[in-house]
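So, here's a batch of structures to check.
Each of the two complexes below includes chain A, the first together with chain B, the second together with chain C.
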Partner chain A sequence: MTVLARRDSIPKLTGPDRGPKDPASGTAAARRRAFFRDPATIAGLALIGLVLLGAIAAPLVAAIVGHGPIEQFPDESLSDTGLPISGGNGFLLGADDSGRDVFVRTLYGAQVSLFIGIVSTTIALVVGTAVGLIAGFVGGRTDNTLSAFTDIALAFPFLITALSVVTLNRGPQGDDVIDPAWVVIGIVALFSWTYFARLVRGLVIEIKQRSFIHAAIGSGAGRTRIILTEILPNVLPAAIIYWAVQLPANIIGEASLSFLGVGIKAPTPSWGTMIANAQQTGLYQYQPWLLLAPAISLFITILGFNLVSTQLRRRFDPTSTGK
Partner chain B sequence: MPLFELDAFSVSFLDPDQPERHQTPARTVDSLSYAVDEGETLAIVGESGSGKSVSLLAATGLLNGDHRTEGAVRFRGHDLLAATPKQRRGILGKEIGFVFQDPQSNLHPFKPVGRQIEEVIAEHTALKPAARRARVLELLGEVGIQDAAQKAQHYPGHLSGGQRQRVMIAIAIALNPALIIADEPTTALDVSVQAGILGLLGRLQREHGTAIVFVSHDLAVVSRIADAIVVLKDGRLVESGPRDEVALAPREPYTRALLEASRARIRPRVRPIRATDAGPAEAEPKPLLGVRGLTKHYRRGSRVTPAVTGLDFTVGAGEIVGIVGESGSGKSTVGKVIAGLQFADSGEILLDGHAYPTKVSTQVPHLPAEVRRSVQLVFQDPYASLNPRRTVFQSIAAPLEANGWSKSSMRERVAEVARRTVVGDELLNRYPVALSGGQKQRVAIARALALGPRLVVADEPLAALDVTTQVEIIELILSLQQSLHTAFLFISHDLGVVAAIAQRVIVLGPNGVEEIGETEQVFTAPRSAYTRTLLDAIPRLDEAEVSTR
Partner chain C sequence: MTAFARTQFLRTRLTRMLITVIAVVIVTFVLTQVAFTNPAQNLAPPNASGETIDSIARAYGIDRPWYEQLFGYFVKGPDIQGTPTGFLNWPPSLGYSYQQQRPVTELLLEKIPATLSLAAGALMLWVIFSVLLGVLAARRQGGWFDKVTSGFSYTFLSLPTFVTGMLLIYFLFYQLSLAGFRFFPSSGYVPITESPGEWARHLILPWLTLALAEIAIFQRVIRSSVLEVVNQDYIRTAKAKGLSDRRIYFGHALSGALNPVLTLGGIELAAIIGGAVITEQVFGIDGIGRLAVTSASSGDAPVVIGITLFSAVVFVITTFVVDLITYARSARQ
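Entry: the complex of A and B
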């Protein structure tokens, strides 16, 4: 309502009454304020902050306790029978079966999860938005072809495709041709760009009917200019909000691949490989942190991002109805 | 006891993120009181934002969103605000019927209209299916839909706007309500269709003694139908009284301004613009725009619908030519083709000596840059015509940017056209969401003028605006024509508006051109019967007209 109050003397008239404004459609500043005041946002941001802090502080913690993420300390952390301790001796959350510090590895795992999640989701955003913009704006045969590609990409089974790609990545000596982290990023991006493409295509088809696009065409603007300056700014907010929605799913995707042994490989610390290791050795019965530390971290990360992205969607996404 | 009554009724909107008890929001509707007796028609008039719709929606419990109401709403003496949802349902639909502005969005798109009427009857009565269907046909006949048995099977999308509004009215009167609340029921309709709907409401009232609350922004429209008029501004009552008092001898300056705006709109323009401009085409050897044999068909699958066939006309330099027609007459198609957004199927278009390409090769016709620059567009819906993500400055500068202007010359040019279109400096950094409808339309005109076009095609530029704003925009266009010598092709369904602005008028009927002539001649001595029916359908505020009702 502040907008109404600020208007000058020219009567504030807009044709036939359109009824009251949806409360979710207030001024941008008011919505931003409401967003940051919401308890769910605050809790989500706190959780994300915790994870970020862990990821950033990982090398620092490693230096303080003197345990690198892949260094083994069998003498200090394994009992006489070879079972890992669950705490003490400078190991906050105990050690794994090879005598590595679970706490330090969990913190480094946050780096891997965030890195792969953020990079793959961003690639998906860029590719999907580009495809959606072109398909939606050009239409016709181009749209049919690109939409067919999207449907084909959606039809691939995630895990089976991932397993085959990893097999293809084996060189003649059984070593990896390219860094498995990039393979995981590629696979996860491959399976999430389609959602962005569909979202953006739908928005573009609606926006290109509006008269400001006709005005731009009528003033001699080229296709590229129209797509970049008139359409993109209108679809980007929705795409970015969807980025935040897709991110936790992609973090889980990385963890799943690593858990199955086709993603990040030991000894590199990833929450997925750590959970897999705990499960395979069965040692979590003696050393519960082996399983709990990566599982709880994953839970906190996903919960944090989901809380924030739900609120983002509720407050800012023009395509969602709000509550 | 009045039938329906608001007593010191106030509505205020709440911020959903704050606890209610901490809020003291501004009142959108402030201490409003009025009453309707049985069989009476009360008109509520006001501009958008005056609270005329909000007050009725809140009073009947139909308002969405967090809000607070104060005061009382009584229907036959029962307090509607205190009623339980079940009691309220018993009254709404059965005792109070609703007709809204946009029948398109208030009818279910995937149900035949007959079934939608039947549902209301089934909900509130114990009639057997056969009796219900008979009643549906009776109702459709009563609201003037021919072929009722067949039309009842149609989906809303297959009916015209006027027919859909008639179906909405059939639903509203299905249970013989004591009161019909009609919220801008004719705003989205053509003038002749509007006259039909107004006549229908008047007849229903005479035959059934139904009371009507009629909400509108147009004093001329309500003066045709109302017994009493209430004028609202900013949620407050400005003036109320019997129709003849308010519409003919208003006491308040605000009501007088509304009245003046309604009158100005339909005063035919007779003055020539300049001594040097003899006006009509024969005085100019070479018109700015020459159109000969313009034909355009729309193809959907195998169905081909003609939009325009064999249209000939000219627009002289600095001349304003109006194209009038009802929906479906193809007038917007003409505008799109002239503006170079669509190909014509056949015919010749010459702008300033340049011929438009005729071969359909690309999605959008490829016009030489200088032709593109000399014809620009203004659209109907100010909400859709500006990019919501760009500021006013960026919007006006967009055509310049597309034509490679430098930053500094762009700033100069934007300032220049903003001054001419009375877009204040303080608006340049705002986003469209912070502009009123009239301001948006000014910005759209400024954008169209940025490249210094010789012809501006304006497609229903006033249709979404209040009457007072319409007059402002009309005056703006006239002043631009004077000072910049820009020609306008002004497309509208509203003969009254065209009369006030155009020097020559082209009347498009359902079967093509009905009449082309100078405005004064078309208005005073129309040659075609179709033009005459259009003229008769214009709501007027003349004393004679009002008193002969």
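Entry: the complex of A and C
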């Protein structure tokens, strides 16, 4: 998939449902019940639960096996020729080329992925919603300017620009000026707020025409109050569903940047860096877990969020028709 | 739409495209100015005197203020190492790469065939398999084939490009060669002019890597558009008249379902450059994507600006072409 795909253009993966079984029909309570009973939701929530459990249990597991995520144990885990030994030394999934525990690092990797994914998507949600509210409500020249910005932002190639932005963080000695995690969060948010802005703007323009807004204006409410108390509560549910849709894309964004060597850097455990390490050293040939453990973890995480967000859109998204 | 309105539409669209591209270049230019500090000092040998650094800066024209450099980029700047700068030259020039010591235009032209081969092959696979799988899944909605393709979709939508690539290398290159089947190479690129067979053999895994996620999305889009169409009256009439299933699904229904496919296709095609950066990195293909990674990390500003410009142009042109086709189709109907 293209990195940071335009998630709003991806259709729901289920076909048209017609008649009384249309998932977007029925009362809110009925829809909620149906949502939680759907096997796809249950599977998705189970996968997300598994990842959360891994992230929370990471320090505990590290304490039990006695291997910290960035500690190196070359004597116990590497052979004389420097290749990881498989099995029989307390390293459940073996070690990497520096003698670090792959299992412990994979669990810590869940913390990194979730943290960066959730924080960057939330920033994008806040910024995008704010811009969309203003553009949609004020309209006119403000709207045109903001829309032009959105157009230009879309024409930037994410990875190439991100590569240049990352060099901004390089100090005079080639060291990082601020924690690279925040740089990654900034870049991923920078490239995903536009989708929220477009979504919210569209909704606001529609809601603005409704009678309760005219009533509020008529009763003398100010602009800020109307936006915050009348419009925001009506666009927020859609924006939050969209948050769940964008989250897996942003997790992929972080992993891809780390894979290219400009995101989270070793020795901090990130799934992207671990796979890059497996590729660059060619160690996946002797130690497949160095590749497979982070690959499977990324897959489980993204699949879990994809399953749940697809169901959310299917059942609750006011902008979709339930197809 | 009258001829006048059509010209008007074209004019606004083209102006907006031009403005977008210019804005992208300006932003990238400023960004590289800020991000790549002291390019001359990086080029100079360690412990070089201030004088040496100054002369290097003069040689590459980076001692001038940034607005002069930007003006030179768009219009006409001084020659650098015998290479002209600026668009008002013939052929238009994108400047000179400090790190590679070569004109940027020449560098880009040299790397484009590899990236183009990658993108074109992936696109072929993507279109053929999406149509085939999508239509077949729609024919028996809810049947076993539909369920299998739906599972396939979820799987490949949930794998980042680089993970798909590494897994293909692990299973189809490494495991197969352990089993004695050494067909797929794990990296490298052979130009088609050298040997078409080797060219294709080296590109099969990269093509798959780039195409799988797209097929995952598109066969679902095609499936739901086809389902939407076959439930409409004119298809029912065609069915009642005894038209064969194949003609109904691959003929009528597919052409009726083409609009959403085209729209999404344009967006994804334009974004393929991003996918190429990753795929080229995974498979060691020496194309535009790898050039982008090396130039950005070594602070080679002219190349970074050139590549950003290239992909922005690809983006606006593909979106424009897709809009034109959609527009032409809607005008005909």
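As a working rule, the second predicted complex is superposed on the first by the 297 of 323 C-alpha atoms of A that agree within 3 Å, B and C clash if a C-alpha of one lies under 4 Å from a C-alpha of the other, contacts with A are read in each partner's own complex, and residues count from 1 in each chain.
Going forward, contacts are C-beta pairs under 8 Å (C-beta built on N, C-alpha and C of every residue); 3 or more make two chains touch, one makes a residue touch a chain.
Predicted model only: the values in this text are computed from it and were never measured.
In the superposition on chain A, contact of A:Ser98 is made with neither chain B nor chain C. Between chain B and chain C, C touches the greater number of residues of chain A. By the touch criterion defined above, A:Thr268 reaches neither chain B nor chain C.
When the shared chain is aligned, chain C comes close enough to touch A:Ala155, but chain B does not.
Of the two partner chains placed by the overlay, neither chain B nor chain C lies in contact with A:Thr122. By the touch criterion stated above, A:Thr281 is placed in contact with neither chain B nor chain C. Touch criterion met: A:Glu230 reaches chain B, while chain C stays clear of it.
Looking at the shared chain after the overlay, A:Gln72 reaches neither chain B nor chain C.
Of the two partner chains, chain B is the only one touched by A:Ser219; chain C is not. Looking at chain A, you'll find residues 1, 3-4, 6, 10-11, 13-16 touch chain B in one structure and chain C in the other. On the side of chain A, the complex with chain C involves touching residues 1-6, 9-11, 13-16, 148, 151-152, 154-161, 163-168, 248, 252, 255-256, 259-262, 272, 275, 278-279, 284-285, 288, 291-292, 295, 298-299, 302-303, 306-307, 323. Residues 13-17, 25-26, 28, 47-50, 52-54, 57, 63-67, 101, 183-184, 187-188, 215, 217, 336, 339-341, 364, 369, 372-373, 375-377, 379-390, 395, 398-399, 401-403, 424, 426, 433-434, 436-440, 444, 447-448, 450-451, 463-466, 468-469, 472 of chain B touch chain A in their complex.
Partner chain B is touched in their complex by these residues of chain A: 1, 3-4, 6-8, 10-23, 27, 34, 37-38, 210-212, 214-222, 225, 229-230, 233-234. Residue ranges on chain C touching chain A, taken from their complex, read 16, 19-21, 23-24, 27-28, 31-32, 34-36, 138, 141, 146, 150, 153-163, 166-167, 169-170, 174, 213-214, 216-217, 220-221, 223-224, 227-228, 231, 260, 263-264, 267-268, 271-275, 277-278, 281-282, 292-293, 296-297, 299, 304, 307-308, 311-312, 315-316.
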